[in-house]
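Naming follows writing order (A, B and C), and every chain is counted from residue 1.
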Amino acid sequence: MWIKNAWYVAAWASEISEDAILARTYLGTPVILYRTGEGEAVALEDRCCHRHAPLSKGRLEGSDVRCMYHGLKFAPTGECIEIPGEARVPKQMKVQTFPLVEKDKLLWIWLGDAALADAGEIVDLPYLDSPDWRYTEGFIHYDANYQLIADNLLDFTHLAYVHEKTFGTDLAGQLRPEVEITAFGIRINHVWNNDTPPPMIRMAGGFSGMIDRWNLCDWHVRGNILLMEAGSMQPGMGGHTSDRAGAIEFRHVSIQTPETENTANYFFVHSHNFALDDDQISDGIFDTVCVAFEEDRDIIGAQQRIIDLDPSRPMIAAPFDGPLIHIRNKIDKIIEQEQASGRIAAE
Amino acid sequence: MWIKNAWYVAAWASEISEDAILARTYLGTPVILYRTGEGEAVALEDRCCHRHAPLSKGRLEGSDVRCMYHGLKFAPTGECIEIPGEARVPKQMKVQTFPLVEKDKLLWIWLGDAALADAGEIVDLPYLDSPDWRYTEGFIHYDANYQLIADNLLDFTHLAYVHEKTFGTDLAGQLRPEVEITAFGIRINHVWNNDTPPPMIRMAGGFSGMIDRWNLCDWHVRGNILLMEAGSMQPGMGGHTSDRAGAIEFRHVSIQTPETENTANYFFVHSHNFALDDDQISDGIFDTVCVAFEEDRDIIGAQQRIIDLDPSRPMIAAPFDGPLIHIRNKIDKIIEQEQASGRIAAE
Amino acid sequence: MWIKNAWYVAAWASEISEDAILARTYLGTPVILYRTGEGEAVALEDRCCHRHAPLSKGRLEGSDVRCMYHGLKFAPTGECIEIPGEARVPKQMKVQTFPLVEKDKLLWIWLGDAALADAGEIVDLPYLDSPDWRYTEGFIHYDANYQLIADNLLDFTHLAYVHEKTFGTDLAGQLRPEVEITAFGIRINHVWNNDTPPPMIRMAGGFSGMIDRWNLCDWHVRGNILLMEAGSMQPGMGGHTSDRAGAIEFRHVSIQTPETENTANYFFVHSHNFALDDDQISDGIFDTVCVAFEEDRDIIGAQQRIIDLDPSRPMIAAPFDGPLIHIRNKIDKIIEQEQASGRIAAE
């Protein structure tokens, strides 16, 4: 179960071109992505309407794609524009298309009722397209339901245990963030004042003593999007509420797009606004995040396998589970509303 | 779903002997094939009636097979003729047998109501047992429903796309065959007059200029059997309707026997009546067919996987889909009649 | 389907320690086993009650285990004794525990209603903890339902066929044992008087001529336990009913603990009371048993796959199937009674 009427991240814009077809599955629907001759990004169902051969085995011909089973050619609109040996093409010969928007280096797809798709609702991530921020485009695939990944990101107590060798500090398991319910989902702010800097932060920021640190998380329920501002600066200067002079900062993005009930695509960055020309620091940041994300994937995959043994077993909430329970309830409610409205089909 | 009361190809006659058991599954039923001491081909269910151990792990003892779990011995009639340590054998101790006929180098099995099995209805393939025709016995296994393979063989427009590197010509996607509904299924005749010969045909037939070519296909709905006459000769002499003087010809056979709902066994030959002593040409013909059949298997396997994602999605017919739709409807109708008659059980 | 209220073997006592967690699944329930600081064996469900992460990925801290997802710590009683960052722990925060008893070098687990667990009902296997008997601890995993393994052990006619290269003798298929229905299940006694000794027995026992042999089997329906006394001695001295002077003897144990509907854990020993200091003989006995058990696993796994093709097909009983049918009926009856009583849940 998932929200249908939402913008989900389909791919990094850099993943597609005019020369090759990218095949991925979103919300159980197989999709191909490519660019037209004009560079416009296109999303078609990966299923020829004729005999259901995958278009991902097809051939790009300019802006069109030809199914390589019986040669039917489809325009980016999904319309069949050629059936070999036939003078005319039946009107109903049409492949499903999906709204696809390129914004902030990402491709955003809409699998629900296309009439409801408003590109203005796509969340802004300007630092993904800014010279002031540097990052490596991250992607991993999960053998787990997307909500288990969301749970993980909505509760940082796990840092102390899952990531004891990477991100974790003993404090992470102890501190409780400020939580605020918002229109888009939930805001979760972690602030550590006058704390010891982890080694990488000390080095990168040139800090010699204690620091003030913050992790300010906005979780968007539609699209499963975590936006996190993380920063460190000299203590006693107001921290994240000040003008952040001398601070080093990160903008973290983690986005899950459900693939099937038990698998997900996961896009992420951990961009930084310092050491912009230092490959070693930049690669080191990305590598650390990747190691930590493997730690998450390991425990979440194992959790999924235990749940699969008996999905009916209830979970018992811990006091710090408020945010993830709020988001799960919100998703359930939106799904319920969507189903009641009947406006969930792609066409 | 499949027709039960039909002769299906079980194996090449050369695949079985008195010395070894061949195990294969037909229409969801596991079967063993072997030869008696007199060389007669036998088909028994691959399931000892006692505790359901597979007889394919058993031992041939003359014309009989002994289950190697508890030692029960079965005659080619399926009757248990020995239970170790017991003086008498209960009458009901019997393994299922299936009518099996050896004809034209093939073994034909009947999985339906044995009382309806009439060996006279097995299609004639005399060129499989003739010194005038040369071929290699072909077999491949498919991870796809047999009807998807039949669809493929009932529509040659795919030659231009799936086989663009082997059999395909641009014309294949354009030309429309003559189609005739028949009692056995459907006849589909492709004729190209005054066409350029493909290289192999030019060489093998010694043609210097244009040729007349034909592909005359008979599709038998019972047994999923394609018989194709293919030939090439000097143009303007009447082509396939003449006495075919100077022609080089092929007899192609493609037969699918359903294994399970989503897998099939596939037997084929591409026999030729020229260059009978030329191993290189003969092997070249077989190798080309094998490469082309891998191309089919690749796209059909991919098609099956897309269909499996949502089997309820409708397909949209192209104008040239008439033959395959006719055959699918005919199969559905026969299955319906069989189920109404109740005469489908093996015994 | 399986009996819930029974002691099942969970592991060899030597398999667990204070330093590592052993994860295994019994009756579909994932379980961890470990020892407390005092050496006491503990069984907890391998599912943190909080978010269902597996405790087998957790960390032992003295006698307790900490879930390494969010750091909840559990005592051997299953009670959560620490939630990081929280002053108090909700009472309902508790992991399922299971009665676990260490006896005769084995760990015995109770998955049913704990109120019914009476350690006094665990079968006695004193020779597993005696200097007079030597053995290697055996364990194999089966891709088959436990009842198919029980069937195999309840009928030795298979020795002549499955084990023709190891244990088998032609006689095994012919001879019929004495069978006695008992309170615990069934007793099956095989006695061969004045028989030729197999080579290993001749060597080990120093026999120069014929011998009397016996295989006395007790099958316990609760726990799926085979206890077999096997022995050989000079003929005409009364055999197993005498004082067995000069006999060489084995105590065989075979125990199946269902893992899932189609998999099982299998514990076994083939202990001997002779050549106690001879590593070569002792290893040779164990190796022979292992080879023979692979033969069983091969045919039983194949049998399971045939059954899975159509589980509705009836089996036809052979005259010697009485014991296995009796045990299957007894299991069915106990399961029926358990379900009627409603006393099957672990807590």
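The rule is simple: a contact is a pair of C-beta atoms (placed from the backbone, for glycine too) under 8 Å apart; a residue touches a chain by one contact, two chains touch by 3 or more.
Values in this document were obtained by computation on a predicted structure and should not be read as measured data.
Two copies of one chain, chain A and chain C, form a contact in which under half of the residue numbers belong to both partners. Chain A maps onto chain B through a rotation of 120°, based on Cα atoms and reported in steps of 5.
Chain geometry summary: the mean Cα position of chain A and that of chain C are 49 Å apart. Contact of a single residue of chain B with at least two other chains is seen at no position. For chain C in complex with chain A, the touching residues are 25, 28-30, 46-47, 49-54, 57, 66-72, 83-86, 90, 92-93. The part of chain C that touches chain B in the complex is made up of residues 151, 155, 157-158, 160-162, 173-176, 298-299, 302-303, 305-307, 309-310, 313, 315-321.
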